[in-house]
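Letters A, B, C and D mark the chains in the order given here, with residues in each chain numbered from 1 onward.
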């Protein structure tokens, strides 16, 4: 593996890391369930970019494309299911507030 | 021939399975199967006695075979176990009450015999451990069969024994690593640090099986809660034989211990502490069975002390005491059984004057009690003298403790006998009758053995103990008869008289036989410790429970603390970034995410440091 | 390859069962699924005894799938078959609506296909694809009854799971960069020649963490207690019995064995994580009052044992890990079946509100005692052997301290399981439970079946060992 | 390399906007733009197939999922949103074409800029790779799409009954 290949990879990597941080930041900070899914999307975008860059940098771009295609299908389904779950929660709570989903029956110490 | 070795395991196990299927409507059939199976087992044990064969079948691979071996020692233990099994089976034919899950009891009883035989015969450490742990399961079942509250006791016993068995598991793993084999007869480890650890772990398993302190605390509870036959058979006889057998195996064959090593000394310390503390507890008991149970613990101390001395007299004494103790202790429990069956109680406050109503039981009790107190010429006397002699060679302190134990033993049995069998008959028990014949015969046989092993101790030593020690170049013949140290005998006699005097002193003072030991109970310093002991302050199991509860509570608070820390931390960080405190918050999943990211960081750091 | 049927049959059954409206019947699909799980068990036994038949391709050159199966796969495939069967038995009583039951069976089919795919593939990206399939199917299964708590638990599970996904995906991308391929063998080779030390560490660490999240190893375990306790009963059996284990533990075993090849650094990491997980899981279980939560924490603790065994880095450790994998999926499924039975009969999960049920539900009580004893490692039950193997493996590989942790924690296991038994089945009968009767026949059947497997695998351990466990030693890649 | 850098910085900015903006609807639109920028980057990195796929699914389908989730949960009336979307569709129908063609142009830009990508040789055709070497991934795609279908069926059934 020559250094030129590595350079492409390394030049992309700070941006990918930043993208990861943005996604995680979003998940951590928000109150809103849908906003959490936005953060998740950003994370997935970062991962997709990482795969493509890795493929391009090593010349296995075909393999990387196959991976990305499959990845996108999975991403859509998972996000759809997650959105469905969010809507389900909204129907019960009538709110998208993450604070409302802390469960009441949290672990408690037994009286013994 | 080789197949004969499997029969002592298979016969009781299969018949145990059969008994389980017999409904409780047919008690006669259950008892018949049990008696026949134990008789067969006895016959097999007699046949195997004096044989020296081994065989093995391929088992689970990794060089672990189903290897069995019978030789002098194991044959002798098996013979003793099957004798007791047979006697208890006869005794039980009258003892089992109605509404009792008798099929389970008999089934567990037979399976216990099968597993004990297996553990004794096994020539492979893992196979032995398999049977050893299996015994735990039946132990649990048998205790849980007792009166309604017995489940708690069963659990206590289970956990205590399980912990020590797990220690044994590690010990076995270390031994196999050091010696490269699981075959017991091939293991002979020279002294080493890892070897010492392994020895300690295995010894913990052995002495806890034998019921020594600090692993004893379930036995007194079980005496009250569990079925009496179980107590008479398992903790009183079987487990002593098995535990001391294994202790002797590891300290004589498997490890080369130097005579005055730290390990031997610590065994002696455990032995003497057990003798003293357990007997002190026994002294103040007001219940027939519980008093006996504490003695069952105390007597183990003599055996461990004897084996720990590592001098010929002590080892021979310890092994001899193991046999004698099994005899008189199960005899004593059987007398308790008779009393319980005829009067319905074992509370000493209520009993009295039964000697006239139940003369044969009384005589058997007298013999066994004399034996356990070490009155010449009963068997207990000879084995105790040997242990004393061994202990004296290793230090006066050990001897003094053992002798003190003897004093308290005698005192407590004087109290017990006086309270239960002498004095006035309470009006309730005016019409008490002697126990049925099938219960008297086993007691009589046991009493006979007490006398026989005492008077003909040379027979017992030569035929039973000597073959065990042939490798060690000991000569049991040297210790026959009254050739033991005359001074020691004199001291023993003095101690016995002192106990008698003490009893009459207490009796005079309080005017009641049952209160004859109260002046010791209420002595200035002792009363404090007694009170604490009654509150289970010294029970390792209860201490353990408290610690575990505390740890669980602590873990719970740490959990909360992380939660709290996280909220504060995230609030600060995000406040720094966005300037708005309100937008900050997470549900619980945020905490989990946070943990996961911390974990990720940890993993990466861990890997990059060590790669 | 013959085993490709295990992926393709569920796919086609779902298509066939849903396309014509006539066949959209819960009963038809239910019995189809039942037959499939039994066929899977039979197929595994067939392949174990006829190893040459594994390479037979039923489709000829029409469809060639890149699958491989070895002794590790067989153990896991067997567990999948058994747990799937039990899940279906339990589901009969807990998924009320007809149409929902049909959908449940369809998703279960897809989940089984996903699990089988995980086990059979030998490519790290395909592994990830099937991982997502099984995970997505389990999200849907958790919310099948659209209960509030289940939805919330599912949301947390999804978020954590997506984090795991992202980690694994990044790691796959890094492996692609380092090795130029995603096949196990090429990545393995890259470990020998590659100069990207830091990237290798990063990639391995990310993948291991992803697997840890999916398996619920402490401190990645947060989602697990809630997801287990709030799912409908059959889904809990399925999740606890096999899904998290295949998703997390099997993946970990496969990657450690086939890709990392038991590097010392990774072994140490696994040992440490395993010990922490065992202890904290057991302590967590001690403090609970909810039947299913106790079992969930117990699952965490038992998963720690498997990780610990794997960390010993020896052939025996690998075998022990796999055997404990099998045992745990059996006895934990059994305990969850019992919890389902008591929940159905008493309408509560709070163990304080139960008590003395042994008199009312003897079969449930008996089987749950067997499961607890197996979990605590009492012979001759199967759990004894796996724990013994774990301890021996740890000591033999020179980690006596970890062996001590394993042994001490097994005391804790004993403590919380026996206290659970005491509070639920023994003791005095709770007044509220006076009207309780034994659970439905199907539940009792499932429980007894699992108990028989536990006892059978212990008593006939030599057979199990020679058939399934010993071959694992041969493929040990340390 | 400069083009790449500009695209990457744009990607970051849009992502940050998606995360920071107060309106959920805007956030969803920003996500679509993130996908579009990513598509261009993919063209730059010689992966046109993946790029088109990303554009059609991630920039097309996922915003729909988000927007429907937002409409179902927010007091915005359905009609309003539909109106909004229709407007957008009619107004920006040419956007995908622009993105694709600009992507292709970008591909050529780097060819002329004498700075070829190191691993530019395309070893295999993507379709052949997917069909012949990795059919398992295809099966996986079918399986997960089925799961998605059932998921929607299960979660939204109640809604159907209500209406």
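Going forward, a contact is a pair of C-beta atoms (placed from the backbone, for glycine too) under 8 Å apart; a residue touches a chain by one contact, two chains touch by 3 or more.
Everything quoted here is computed from the prediction, not taken from an experiment.
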Where chain A and chain B overlap in contact partners, by chain label: C
Pair exhibiting more inter-chain C-beta contacts, A-D or C-D: A-D
Chain centre separation in whole Å, for chain D relative to chain A (CA means): 14
Chain centre separation in whole Å, for chain D relative to chain C (CA means): 35
Chain B-chain D separation of Cα centroids, rounded to whole Å: 73
Whole-Å separation of chain centres (CA-atom averages), chain A against chain C: 25
Junction residues of chain A, two or more chains touched: 25, 27, 53, 55, 57-60, 63-64, 70, 74, 77, 81, 84-86, 88, 101, 103, 107, 109, 112
Multi-partner residues of chain D (each touching 2 or more other chains): 134, 137, 140-141, 144, 147-148, 151, 155, 158
Two or more partner chains touched - positions in chain C: 125, 129, 132, 136, 139-140, 143, 146, 155-156, 159, 163, 284, 286-287, 419
Chains touching one another, given as label pairs in label order: A-B, A-C, A-D, B-C, C-D
Partner chain A, residues of chain C touching it in the complex: 125, 129, 132, 136, 139-140, 143, 146, 148-149, 151-156, 158-159, 162-163, 165-166, 169-170, 172-174, 176-177, 180-182, 194-196, 225-226, 230, 284, 286-290, 293, 352, 419
Interface residues, chain B side, partner chain C - complex: 59-62, 126, 129-130, 133-134, 136-137, 151-152, 155, 158-159, 162-163, 166-167, 169-170, 173-174, 176-177, 548-549, 551-553, 555-556, 587-589, 591-593, 595-596, 598-600, 603-604, 606-608, 610-611
Chain C-touching residues of chain A, taken from the complex the two chains share: 1, 9, 20, 27, 33, 36, 40, 43-44, 46-47, 50-51, 53-55, 57-60, 63-64, 67, 70-71, 74, 77-78, 81-82, 84-86, 88-89, 92-93, 101, 103, 105, 107-112
Chain A-touching residues of chain D, taken from the complex the two chains share: 1, 4, 8-9, 11-12, 15-16, 18-19, 24, 27-28, 31, 34-35, 38, 41-42, 45-47, 49-50, 53-54, 57-58, 61-62, 65-66, 68-70, 72-73, 117-126, 129-130, 134, 137, 140-141, 144-145, 147-148, 151-152, 155-156, 158
Contact footprint of chain C on chain D as seen in their complex: 133-137, 139-144, 146-148, 150-151, 153-155, 157-158
